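Have a look at this one.
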């Protein structure tokens, strides 16, 4: 079954994508969408990606809300920094965080989130040590960052993927 | 034309296309099958070409006949869709391409196909591009087939790779890319003032263009003309030519003999159509430039012929000469001159093709660099007045060398325009026409005559020099190992020249008809534009 | 402007606000990219546009088309998803590449700078280096 | 008339030698018996056939035979035999026959003699062609053929440098002349309006009074004078003596060199009788007569002496022809015959001597009469004929010559002087004849010869005997022997103007006889005086005073200078091997070409442009900066240039989108992406830093050059922009686009007119275009298979070396960890994007007919999906997972597109006629099922295949590099 | 509007030609790309400029003349694809040339010192 | 009224985006380092996407959205490739 229909979630996602692209909900497009989703999943499976299993759907919701909130917040913060460049000196810099998460997808999600969020940049992840080097635009409070990342995102992501 | 013959018009494009595509699917190692596909395709092309010539030449009232036959691709009316147009000229060019292609292909079976990969596919695509360029009646489609032809020629020019080929290829490509840009600019500019791309339709509209449109149209035509002249190798746009041609491997170079002719063909076709006597204020636009450019090209080419250090250069330079001759002839533009030019075109293509094929055989087994040395020795040798006579016993000529020698002499005669082969008839036809041009013989005629004669002389001198070097070199000469399938194509091409000489009457007759039709584009225009068409409508019916 | 004639004023204003807001955010990000001192700082700036900036504009679009009813506003969602997924990729690759380049040039600006001695790589220091906006180098543990 | 039996025989006479030539070529290489047999039989049959014509000829009939050849050009294959042609034909076949017999013995058994006989017969045919041509173009044709065969015969012993050079010189000189003749004959044809010899010969007045008479005359004379080795073109003939003696006897005394005088005589009725004719021909003839005779005295080589003598005698004939009087013509024609007989026999005799004694050097040869008395006697008879001794044929024509010189033809100094010069030349002729006889045959018998001479085989001597006998017979009883033939010949030239003349040994003691006697005595005196000098000449055979001026040397040096040094410098001056000048020229020519029509007719560039949205202005400020930036950085910072190119591309893409071209925007964007990846792949193999050549330095020259290029570029850009501006603001013409917009949906079933254009209206373009893509992919693939990277590019890039070293240096890390870490996150995203992009590709493909998209866009999208995986995982990683066979994709794509097009044939419709209908598939909306969709699928397949093939082939080079890197 | 596009064409063309005349292969390939942008825009402009009038048929009673000219677009599309192919080809040839001659000079000249 | 508001808002937004693009172009042109140039290009892609979306609103046409979608899904490939070259010296290893 998994060989023929390898990634059901992905197929579903692709079908939705198909329907969205075609802006149509007709039965014909649903069938076509299924077909496309099926083909897409097979193509994806052919790449032999690391196993993708989502264990906690609810955590995704929480994560999304959190990300959205952080994005809005940091957008404002960074915009302020840019608009008022002569404000009392903010400090940018690198910092290292040790991550416990090993799941590839989790790491990818974390990287995407951190990079998307203005103010933090995922710079380098050393797989041998688990050390993550990030660059922070406003490094006023290092601990806050660690807390947000380790206890916010990493925890949620580990719930979802591990 | 009716029935299946009508569909044959597109066969010269489709056959090589299918053959090329098939050889892509065939497993890479199975070269024999690829070769067989290619051979079958080319043989078919010869057959089709012959039928097309016969069809184009058939009297008007016969069953499949007419001066012009138009093939409506996609069954769209002629002005709007792309059309292929078969007339005597295009039929002749297609047949010529196929014959030359067959010779080059057979020759390549000896060994050349194997020095790189995908030779057969590229070769077929080359034929497709050439045939398409000859048959199409649409300006932009012409661009596309030019690109097909050029792309394949890029591949073939560098077939076998190696430093000289790649270096020459780089220049060849760069210049042709620039020229293709000009082509696009010209085409789109012409479209912007006429709203059409069909050549017949364009020709129809030229006379009635209002002044500003006319200026823009002429600008477009000029730019287009420059693009074609690059292909035709006109001085000073053709310096890429000798290097590329002489670097290419023999069958490819032979095939290239027709490449410059495409530029010439297109200029002939378009200029006769659009800027003939009926073009109103644009009549004979640019013809004096063609004439001047052509003459300069002859002069330059003849000098290059003399200056060439090796045979391939010589052959390439002779191609430049023939291009110049043709361009100048188009610049003169009367029916008789055009007739002569067309004859010259065919003859020079076959002979140059044969020469390119031959050179490789002649040079085989000679030490590299021997030419340069020989030439230098000859140029700077001390007076050898006092050399004693050697013994008076001749050196026997091995059969291979004898055959090669005969072929070489034939090529030399053809290229120099000396009797008795078709090169002579061609020169005669041109000269005669040039002198019948107008009531009084003008300076132009004299200069043209002088150039024709002198270029022949240059070829004679250079070919003698080169031939003596190649065949009578007493040292370092080994009898080359020549296969029958290598010499047969050469003899075939020369035989064609012989046939053109002996059957000169019918050939010239055909070409005379061709030239007359070119000079009276009205027939072409009405035939193309009024081609009836039937299009299956929505429900499969026929709407008119 | 087909279809815009029958849009209610509130929707128009909302659309306008979102459109302008998104564009303004994007511009702000770009300004940041212009004014900030170090590359790592500048790399933060465009994310303004790629998150909320484009988000606002998509929102404007959703409002506009939903209200006018010309088409279902689903493309916007797809765009949002894929922008979110794809924009970090080049940034990730780029920042790491910049780090490598700075490190191998022995730049003091980045941690873990290296130097090449006789073909072998030596670390200059393994400390995270913090740069203030005033370009003062403050060493931290 | 055309198909009379005699006409057929004419054709047979002409064809026989050519057939024989082919037959001889296939004989065994060394079989001189059979070679001679074939040649002899052919010559004999030709003689007999020719003889058979005499009754008709003597009845003053002209036999013609015409084959329609190229009537449009007025070029028919006409054979025409009149008395003059008959005489020449007899000469060609008769002497040919004798020379064949001679050659059988002369040529060594080790000589590859069948080649000789093949060429010999070929020449005979060509020469017959010249004399029998009834069409002047045809005459030119055979004329050049004689030059060609002469070349081949002279160079028969091509291992000998002199033979090669002699042959080449003969060919060059006579070839040039032949081309001039050709031009001249075309002029004549133009004047007369026909190339038919008969017509031309009857149009003398028209020709002579025509404005083109002088150019035509000059050109024709150039042909004739070169062929007959007339001053100043005489120098080739002595060089041609490197040929085997039979060749010299045949071509260079009896026949080919006579072609020139033949021509002058043939056209005598139409060209002669004017001042121009007299002065040109007369000067050339007189000069040749004198110079040839003078130089001949000083030749030490027997054949050299004979060659100069030939030159001199041809000068005599030429001079006679120049006079323009009928009697002079009689003398000329008579002398042609006489000279052929005695000179051919002399050459053969010289050949025998050479053959038997092993040398031809007069200084070495002495007393040969003791060794070979018969041959010596024969040679002496012929020499005496040459010297103009009474009772021999040479005497008769020389007397006639003297008689003519006395007469006044054109009052002028030249005319006045001819008698004196004639006597002088005759004296010289006596002198060299004496030298030939005395120097060779008399004196103390030589003992130091290479061989001990003895009489040759009888049949070798036989031809000489026949000819010597002829000299005698004709010399004694001319009226009985030669007169009928001569009269027939003369009549065919002069017609009713044929003068009465008498041929007799004794005309009484008249002035010519006195001149002869004076000349004879002077000649003897001259020889006696010069004898000592001649014997003392050591190594050179240079004639005093004028001998230093060597025509041959001058010619050689001129040829080398003109055809080699000069040609090379002109060639290199007017051409270039570098790319930049070529492109510069191309741009300049295009600009000028575009400007010319505007310059002539004017164009109003001042037009109001509608504005205005600031956004496009800003966008194109950016785009412009990007373009200029790319131009600026291309040399110093390739990456920057590439990035800026991308910037210009995006702006272009937005422009397309803005101005209602979504399809273009799509395609532009996709191509942009692929191109960027492509160039990045290539960047790896370029030198790290742009190498700077000195020529690009900063000097003033460089700055001037740069400025020039900037101006050229600026002008071209400005021109293109101006034209675009003008066009954009004009009212568009009625365009064929209206049709497409109208019919797109109703007749082609697509709403996206651009796509319908691509797959239906102009589907043929698309077919060609995908073929281009396919071809390029094949070429790229082929080139990369043979790719040899530069050595310094072979190493892994510097970055990777550092990163690997870093990984090695760090504890707990392995080589390659850096890249794994680097790509860990991006590769996950890229892999996830793979199916999504595939969906996008399918989407773009499916909707292409109605909405933006289509096979191209879809194909490129699909290709990008693949490329992305290669970027994410590397070549090996992908290729263990996906098996892409791009070549197949391409082939199938092409076939699919073609077959879809061809399917229309099944319905009797032209190629690419599409079929469509709206099919109501279950559950699906109304789906237009156009056959064009299948075509588009072909497009898609090819685009995927080609793009992937190009990129992957390039990417694979890194593997090659890393492999070879490991080897070292 | 037209002036802007004309400006764009001019500047792209000038930059491209300037690069085309440079001696380095990389400069030439960038130049060719810029020229092809210029030419594509030029061809496109030959159909005149229209905003918001894609030649994609809409239902309703929109007249034919409302739409932008589809033909130049189709031609440009073809030209873009062919241009891409040629860029690829030129790139590879230029790499091959560099491999053989050891230099990135268009004439394969070794650097003279 | 609504029409005017939206019209001017869109024009304003386009001007703002165009200005943003100018800055992106500035980074592409003047770096100072290669990574800044790539960043500039990335920014240009992003702003182009947004610009297309504003067109979409202005002309009520779905095609602009599709174009934006294509950039959103594929635009990153070019900049990713550039970035990878900076890091590894090769696009595909």
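The letters A, B, C, D, E and F name the chains in turn, as written, and every chain counts its residues from 1.
One rule holds in what follows: a residue touches a chain if its C-beta (ideal position, glycine included) is under 8 Å from a C-beta of that chain, and two chains touch if they have at least 3 such contacts.
In UniProt terms the chains read A = Na+/H+ antiporter subunit E; B = Monovalent cation/H+ antiporter subunit D; D = Monovalent cation/H+ antiporter subunit A; E = Na+/H+ antiporter subunit C; F = K+/H+ antiporter subunit F.
Since this is a predicted model, take the numbers as computed values, not measurements.
Think of each touching pair as a link: the shortest run of links from chain C to chain E has 2 of them. When chain centres are defined as mean Cα coordinates, D lies farthest from chain C. Annotation: C-D is the more contact-rich of the chain pairs C-D and E-F, by number of C-beta pairs in contact. One simple way to say how far apart two chains are is to compare their mean CA positions; for chain A and chain B this gives 63 Å.
Mean C-alpha position of chain A lies 39 Å from that of chain E.
Averaging Cα coordinates per chain places chain A and chain C 15 Å apart.
With centres set at the average Cα position, the gap from chain A to chain F is 22 Å. Looking at chain E, residues 20, 25, 28, 42, 46-47, 51-52, 54, 56, 71, 78, 82, 85-86, 89, 93-94, 96, 100, 106-107 sit in touch with two or more other chains.
Shown for chain D are the residues that touch two or more other chains, namely 577, 579, 583, 587, 613, 642, 658, 662, 683, 720, 727, 732, 735-737, 740, 762, 765, 769, 772, 776, 779, 783, 786, 799, 803, 822, 825-826, 829-830, 832-833, 836, 840, 851-852.
Contact of a single residue of chain A with at least two other chains is seen at positions 17, 21, 23, 111-112, 122, 124.
Every residue of chain B that touches chain E in the complex is listed here, in rising order: 140, 144, 147, 151, 154, 158, 161-163, 166-167, 169-171, 173-174, 177-178, 180-181, 184-185, 187-189, 191-192, 197. Of all residues in chain E, those touching chain B in their complex are 20, 25, 28, 32, 35-36, 39, 42-43, 46-47, 71-72, 75, 78-79, 82, 85-86, 89-90, 93-94, 96-97, 100-101, 106-108.
The part of chain D that touches chain E in the complex is made up of residues 577-580, 583-584, 587, 609-613, 616-617, 620, 623-624, 627-628, 630-631, 634-635, 638, 641-642, 645, 648-649, 651-652, 655-656, 658-664, 667-668, 671, 674-675, 678-679, 682-683, 685-687, 690-696, 709-710, 712-714, 716-718, 720-722, 724-725, 727-729, 732, 735-738, 740-742, 744-745, 751-754, 757-758, 762, 765-766, 769-770, 772-773, 776-777, 779-780, 783-784, 786-791, 793, 850-852, 856, 943, 946, 950, 954.
The touching residues of chain E, counted against chain F in their complex, run 51-52, 54, 56. If you check the complex, the residues on chain F that touch chain D are 11, 14-15, 18-19, 21-22, 24-25, 28-29, 31, 34, 37-38, 40-41, 44-45, 48, 51-52, 55, 63-64, 66-67, 69-71, 73-75, 77-78, 80-82, 84-93.
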